[in-house]
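After this come two complexes, each holding chain A, first together with chain B and then together with chain C.
Let's look at the complex of A and B:
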């Protein structure tokens, strides 16, 4: 059995629209170990959701189109799988939870039926057995009085409880991989900390690998072992959580971290913000997608996409500044100095 | 403190909604506080705690059930038609959702100018100039004036919403979660803009939010709300350094810190129960059944917000660490 549960190579996804081809995901490669929590961070439109949902072709095609790439899950190349074959994987081996628990649950069906549905479809169990198991699942997802909840409809539950129901459904078949797409963005911080705690407990007890998509760097710090930063449909940096937070080597990652106010920090200095807005994916920039907003951008950044630079221990960055051929600006950046390059800001 | 230093005084404000079956939802219950001129007061709490209702009642969108709000020393109940009109100009609101709060069929110039037209401010030619000035002020440009809201990103739309509010030369802004719908890097842009505008225009804000780290960053003082009541109110540094109320302590412990080393050593308080329904609350402290410090007295007595010394107002001091 290989260490890696998931390996994605040169994965690209586009949407064919009237306006043209929206290149949402461009040449993304990464791997995920068994039992590991990987956090994918990036702004809206950076391609993180499209990428993870396309792994098992959850997006309707057309307009979504997987242009290229390989997806190796549990040692098998599933990128060529058809709908029927994928169904054996979806829900059983790879489970998803989404941001909005209200739209993911059927409002006209009782909680009990929605939890048992997957069990009856995938596992050969009797109705009673499935019911007993469902109560157990709701309990392990942290829902008090699960027996009573089985008979209720989604609207009778709070947002946090609904997300717990989603978790119960997701873990029903003991998946090897859980993709949590902004699972707590719609919830209060207090509920968020409970839901994240539940996901972490399940990750430990079931040995389930987790891809956690979020834009909250605080959540990343508390949950992830590894982090992948996406921008403009590309991976710009990836590495162990400490490397990303303390030794980030990409200007975008640094700006992202600086844009989050710290509770212990001085609040008189203005927050660092990133000037401008994310690129238009109908006509993505030829070079590094972050170059137009980057204060360290050089000529080469605008015309050529940087390749991968390995910094050791699985810490990779895609930035010309880390290239051995880069000049003085790059040296200043790597030393952590603030440089305002002519032509930006 | 001189009376004219206070721009807003709220006294025993209640906003109760009848929800059928003889039940009452006390969305805002006996809330008192004040805001000094040029001050930013943050208002935080979980969803359903009544912070939006409080903001809207203060802005007179809802008529309060009881209690009084004074604006520049003048009570709402004493205001005549002209005063109310003046108030509706001087106090402006910025909404959470930059998508639904802008009319999709109006251009940005029309959106920004509408308030000035209604209030009969300036000549038409001057209004057009003002629109451009305002767009520049919030970081947009002349070219944006004739575009429609759908052509903008969330952050840019929020800037349009801010320009619309500033058009009426307000003194006081109620910002109802103005950054929650935006991306992190854009949030920082907008928060910096709010701070900058306070310096330039001498504005005062009531800043409603549920992101506590951003609120700490922007606010001078912070009020924590729980089930319709303010449970703690103090300067933002003091609140985070030394919370008195167990609910504040719980809320703060739930914020994830963007620092893996700190975060791995941190203990998140997990409460057994969720927030109870705000309809027909029991007697006594409303945090009683979730509070790790609760004692018998808490079940019976409703605690009042009081000054614990040094302007640190709290309804409870069970979580207090230093004396």
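Let's look at the complex of A and C:
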């Protein structure tokens, strides 16, 4: 059994719109080990949701179109799977929790049915067994009075409770991978840490790998082992949490970290105060997507896409500053950063 | 319990509404210039006798009270124009035609409208979608009597596929049903399409998909269910539009329904018939709306009446 549960290679996703092709995800590659928590960070619009949801083709196509890439899940290339084959993966092996618990449950269907229908779709269980299991799941997702909740509708539950219902639905079949797409962004701070705690516990007890998408660098530090930073549909840096926090080599990652509020401030403050706005994915820049906002941008950045530079221990960055051919000024930026190996693709 | 209270409240409001309507229409018809018995041939003595016979010589408020008292007993009075026939009798003989036509039109509009709307949403941007859009534009912009004349001319007079008038066999019902139902069909198709598209791209459908449900379960259990629910609220206004539609469509196709009586009663200033039919239609409409609201409250848990 391979150590890796998921391996994504050169994955690109576009939307065909009236205005043209929105290149939401461009050439993303990464891998995830079993039981690991990988955090994906980046401003909104950087392609985090589109990328993760396209792994099992959750986006309506058209307009979404997977242009290229391989998705190897548990040793199998699932990128060519059609709807029927993907049903064996979705909900069973890969489960999702979405950002907004107010809209991700069907308002006209009882909680109980929304939990049991997943069970009935995959396991050959009777309705009663499914019900019993659903009550159990709600309880393990931290929902008090699960019996009563079964009979309620989503509007009768608070945001935090609804997100717990989503967790119960997600873990129903003990998936090997949970994709939690900003699961706490819409919730208030105390509920936030409880929900994250629940996810972390399930990660430990079920050995379930987690892709945790978040805006919040503070959350990353407490949850993940590894971080992947996305910008303009591309991966700009990835590595172990420690490397990203203390030795980040990419100007974008650094501005994200600089935008992290201090402990004494409100930790939900948005990261948007990096000057400028993300690129227009209808016509993404030819070179580094961050170039228009980067303080260190050089001539080469605007015209040529930076390649991957391996900094060791799985710490990769995509920035011309780290390129071996970069000048003295660029190296100075890194100020004693350890550059083990530099090379471009 | 909540449901009972809701229904009771709606019934009370409905009764008050109908009462106001009766009062307003009773006095309004009196304001129409002219009188039901203006004819050159009529002699002055006759006229007085007729006025006395119908109670029209009494003060208006007294007429009103008499009318209300009779109404409480379900008596809508006697027609001024069709001698010796009560409004109740007219309704009894003519309404079945209108009801039949109306129900056919609603059934036609509902089934075809839903079908078109759903197909258009799933085939977004393709041929069926464009076709639905065209139907929607024609259906909502062409009034039913013009549509009536048009289909009558084309399919009855020119092509002779269907009989041009009367209402005695299934073939007779086709053209009026189409003319009357098309507007509703268009509205339903348009709303269904919009509603479906909204639901298809909603988060909870994505959740259903992410659970690994089958296409069938996703479509029936999550998409159709939610998309079609708000369509029920359209039924109220739709029934209203059918009722007004019957007035003209029945005239075009010479169908002996209530709509035709309504038009002739206004032309002839047949006070009791106008008022009687207005009350009847209003009560029918209010009742239908009440039913629609109750049904909607029963099936949509967000209204909070379902236990």
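By definition in this document, the second predicted complex is superposed on the first by the 325 of 345 C-alpha atoms of A that agree within 3 Å, B and C clash if a C-alpha of one lies under 4 Å from a C-alpha of the other, contacts with A are read in each partner's own complex, and residues count from 1 in each chain.
To be clear about the criterion, a residue touches a chain if its C-beta (ideal position, glycine included) is under 8 Å from a C-beta of that chain, and two chains touch if they have at least 3 such contacts.
Since we're looking at a predicted model, the values are computed, not measured.
Peer 1: Overlaying on chain A: chain B and chain C, fit or clash?
Peer 2: With chain A as the common anchor, chain B and chain C both fit in the superposed model.
Peer 1: Contact-wise, after the overlay, does A:217 reach chain B, chain C, both or neither (first, second, both, neither)?
Peer 2: The answer is first: A:217 touches chain B but not chain C.
Peer 1: I'd like to know which partner A:245 touches here: chain B for first, chain C for second, both or neither.
Peer 2: Touch status of A:245: first partner only.
Peer 1: Between chain B (first) and chain C (second), which does A:192 come into contact with in this model arrangement: first, second, both, or neither?
Peer 2: First partner only.
Peer 1: Output check: A:256 vs chain B and chain C. Expected answer is one of first, second, both, neither. What do you get?
Peer 2: After superposing on A, A:256 lies in contact with chain B but is clear of chain C.
Peer 1: For A:158, using the defined touch cut-off, is the partner it touches chain B, chain C, both, or neither? Pick first, second, both or neither.
Peer 2: First partner only.
Peer 1: To the nearest 10 degrees, what angle do the lines from the C-alpha centre of chain A to those of chain B and chain C enclose?
Peer 2: Approximately 70 degrees at the chain A centre.
Peer 1: Looking at the overlay, does A:60 come into contact with chain B only (first), chain C only (second), both, or neither?
Peer 2: second
Peer 1: Kindly classify A:17 by the partners it touches after superposition: chain B alone (first), chain C alone (second), both, or neither?
Peer 2: The answer is neither, since A:17 touches no partner chain.
Peer 1: Look across chain B and chain C in the superposition and give the shortest C-alpha distance you find, in Å.
Peer 2: 13
Peer 1: Can you list the residues on chain B that touch chain A in the complex?
Peer 2: 46-47, 153-156, 183-189, 191-192, 195, 210-214, 216-218, 236, 240, 250-264, 266, 268, 270-271, 274
Peer 1: Any idea which chain A residues touch chain B in the complex?
Peer 2: 43-44, 158-161, 188-194, 196-197, 215-222, 241-242, 245, 255-257, 259-263, 265, 267, 270-274, 277
Peer 1: Considering only the defined contacts, which chain C positions touch chain A in the complex?
Peer 2: 200-204, 206-215, 217, 221-222, 225-226, 229, 299-302
Peer 1: Mind pulling up the chain A residues that touch chain C in the complex?
Peer 2: These residues of chain A touch chain C: 53, 56, 58, 60, 83, 86-92, 95-96, 98, 100, 103-110, 114, 117-118, 121-122, 153, 155, 166, 169, 172.
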